[in-house]
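Next, two complexes with chain A in common: one pairs it with chain B, the other with chain C.
Let's turn to the complex of A and B:
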């Protein structure tokens, strides 16, 4: 079942169009940066962008910072919202269940396919932005050559290529966990309704509300528990030394959301009448 | 094969299925009839573990449902409320996906716990073979790579049947199996079901088409407003009525001869109350009367069903008190009015 879910994900044109669009955004930004040479001043605009003009090898991290706040969660919410509700609307849910595919297995397979999508999308963004970064911005900057191993961390100290690679991997892992929290919200709503659109929009509504509260001083009491609060904490992997506090909290908050919502989805799906 | 006891399902305040004792025996071709909205589909969904009963028990292939659904379902082929698939994929790919999604082939004894049959999918060649065989059975062996969304309703219906036949099921549960097929297609599917039944497959189908059930089924259940109001052998339901239909050019003289026994005369046609058609025939011919047709009258399935059911559930009449022109005619919804789509 898990394998067929992944096959279904991969043969679906929508998957590849989404991945392509996710990759296109950093590419367009890179073209603008390379042609104008106008980076946002440090501390403003998306993270890392001020640094990438000097050093293109940081561009994958900058690209991640571009897609993680909005585009990636939107695509994850659409995919996970569609996962059960879409099958229900299409009528295939009943045929899968009488095949039979156990309801728990179906949920797990859906979750795994969302996970595969997130990893696929992030990997595609990292690879394409690394290539564009090297080609348009960075490759062989004198500044990079001056320091052996080249790249500087956000704190100004140099990072070796191995270090950079490991830190990038760690940020991918962290971003994936955050996206799984989005997926868990959408999957839960997807087991509640037969409307894929409703589930996706519901999940997005939760994220937008969370983002809004995160900027509101009056809501500071709930801010540590908002699902989006620590989304960009993976940037701390690029500090020297790594600033663990927000990363740890982010993992804990996401973990709680994932655990509770998956449990709720499971309980709801197991006891639900499939009338679609 | 299937046995339910006092099966009841409520959706909120609506009782969709009410105290149904369904009994399908091995080898039956069981036709579940009833007006739209009478609860047929909900019963089938409960048998398949898709919808959970509010109360009552279900046993399919001797196992309780939904508790043992994982063990029972692999032996069942099902078509529930129309075929479905992934519209952007070709029919063959759709079948392969649905085939690969679940456990393969008929279950060996013992089920999943015993020998990890759960994880045995069968080889790729087995699966391909199974899909081709199912396609051939329903007359789709030659389908090309057009996506499902380009299929006609009849082709989708055949594909749905192919999906139901994938695992050489012991029991077929089919909801409106000939929906969307043309007369030739209906005939083909009927022959296919009869053939499978002869080979030992029990068939339970629901339909609101009386002709279909009449032509195929050996046993009939009729549902009305959530209740199973009739359940019997088709032959028993269509028992002779004790009347004989006679067509004779000498109908006038025959009527005179049979005075008192003729219930109705319509030109050449007589309806005669007589227990023995052969004796009646001998009597008429002995008098030198010419007989063009003579046959015992049987209750038609339509009469049985109309007698047992009330107005269509998709008909929404106002309660009597609220009807603007409440006359005596309106208070009594004529049972013969089967027009389905008035609301």
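Let's turn to the complex of A and C:
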């Protein structure tokens, strides 16, 4: 079942078009930066973008900062929103369940296929932005006279290529968990309605509301529990020492959303009348 | 319609899916109860943790006051959040200072001893570090500027910086300005801060000229380390500035953390001698400042020509000479932010009072110099100081 869903995901043109569009944004930004040599000042624009002109090896991190806040969650919400409701809309859900397949297994398979999409999309963004960064923005500082050069962490200490690789890998893992929380919201809504668009828009409405509340001082009491509150905490992997506080909280909050919403999806889907 | 035999009754029920649906509904109900229970546990855990009552022994306010003042040797490492609501506009050249009082500042601190510590100011994708070394040397790291700056020696005067907002530093500094029993000390209910039950202390300044209504402080009862500090203006219930630890370990940091970033190719590096800053001010031809302003004696920066502190305790204020163009920009910004233009006999002034902090820009036509006055004092006092400063320069050569 899981294999079938993954194959279905991979053979769909829209999967690759989405991945392509996700990769396109950092590519276009890199072209602008390289041709104008004009990066935004620190604190403005996506994280790390101010530093990529002096060190192109940081461009994958900057690219991640570009796609994580909006584009990646939108694509995940659309995909996960479509997972069950899309089958219902297309009239295939009934036939899918005629097979000797449990509904729980179907839900798990749908979630795994979303997970594969997230990993695929982030990996594609990281690889293409790394190549773009190296080609258009340069490969970091040359070796220093007294100390080895390399990428500079946010705290000023140099990062070896191995450090940079491991921290980027950890960032991918963290962003994937955050996106799984988005997928869990959309998947739950997808079990409630037969409209894939409705499920995706519902998930996006939740995220927009969360982003709004995250900026509102009056809502400070609920901010630590908002799904988007710790989305950019992966940046803390690039501090020295790594600042684990927000990363830990982000993983915990995302974990709770994933657990509860998958449980709710299962509770609803197990007894849902399949009419389409 | 389903017809079923009820065992022992021998008759058929002609009800539509009655028993079958009940089983399904019961299963659904059981599943949703599970979801509800899991949600309740997830939502209730933080609330329950917050509701755990604080258990702390009573410490008399004057004893806690002394404990806090003597806590400078206690090592710690933690994360603090400072929130300022002073509503100060972003003054030219002083944006970093006004931001401290009008926004949130995330601080990561490692403190081994008074002369060995590090404070990082965190922003999204940016970081500023300040390292203090045993020989009085301080190193600044600015990620955005990709710059390391070494400052040797102690500056006679400096602007407030983010590291000043770490609760222990701010708490000890404010309590250092308090003069009990003239300034009243009272106990506050204990609070749980960074998992520590902390007794509280309120200092109520007695000086009528100070805008400071109260300083509330909660400290670790074992070490006296301030964990939360709140500063409120007179007559205002909500604090204008609040800083608290969200995470804290009362242990010495790893010495490696206190080592500044290494100087290397591709990273900017400059060295500044702090006493030279005073010399630089003197060389600007800013002229001497008066010994008294608004009835307050000059108490700080007396060796400097362009800067000075007047008064003591909570009602002190500072005077700083600024380049004229910058001064005009500041005065214009203050006017746009609701400042009041004042006419002085031989100059212009703009006064901006934010409730807690009063700021005044004074341009003396007589000597063509511009000064910035600021302090936790009322606008009237600052207005008087500006008038005195203007009168001081009258008749002096430019």
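Please note the rule applied: the second predicted complex is superposed on the first by the 267 of 276 C-alpha atoms of A that agree within 3 Å, B and C clash if a C-alpha of one lies under 4 Å from a C-alpha of the other, contacts with A are read in each partner's own complex, and residues count from 1 in each chain.
Methods note: contacts are C-beta pairs under 8 Å (C-beta built on N, C-alpha and C of every residue); 3 or more make two chains touch, one makes a residue touch a chain.
These numbers were taken from a predicted model, which means no experiment stands behind them.
Contacts of A:41 after superposition: chain C is touched, whereas chain B is not reached. In the superposition on chain A, contact is made by A:13 with chain B only, not with chain C.
In the superposition on chain A, no contact is made by A:175 with either chain B or chain C.
By the touch criterion defined above, A:85 reaches neither chain B nor chain C. In the superposed pair of complexes, A:3 makes contact with chain B only, with no contact to chain C.
Look at A:158: by the touch rule set out above, it reaches chain C but stays clear of chain B. In the overlay built on the shared chain, the residue A:65 is in contact with chain C alone; chain B does not reach it.
More chain A residues lie in contact with C than with the other chain of the pair chain B and chain C.
Applying the stated contact rule after C-alpha superposition, one finds that A:266 touches chain C and leaves chain B untouched. Comparing the two complexes, residues 271 of chain A contact chain B in one case and chain C in the other.
By the touch criterion given at the top, residues 1, 3-4, 7-8, 11-13, 90-92, 94-102, 271, 273-275 of chain A touch chain B in their complex. By the touch rule above, chain C contacts chain A in their complex via residues 24, 27-28, 31-32, 34-35, 38-39, 42, 46, 79, 108, 120, 122-127, 129, 141, 143-146, 148, 246-247, 257, 260-267. Contacts from chain B toward chain A in the complex involve residues 11, 45, 48-52, 69-70, 73-74, 76, 78, 80-89, 93, 97-98, 100-103, 163. Of all residues in chain A, only 41-43, 46-51, 54-55, 65, 141-149, 152, 154-158, 224-225, 232, 235, 239, 241, 243, 245, 256, 259-260, 263-264, 266-267, 270-271 touch chain C in the complex they form.
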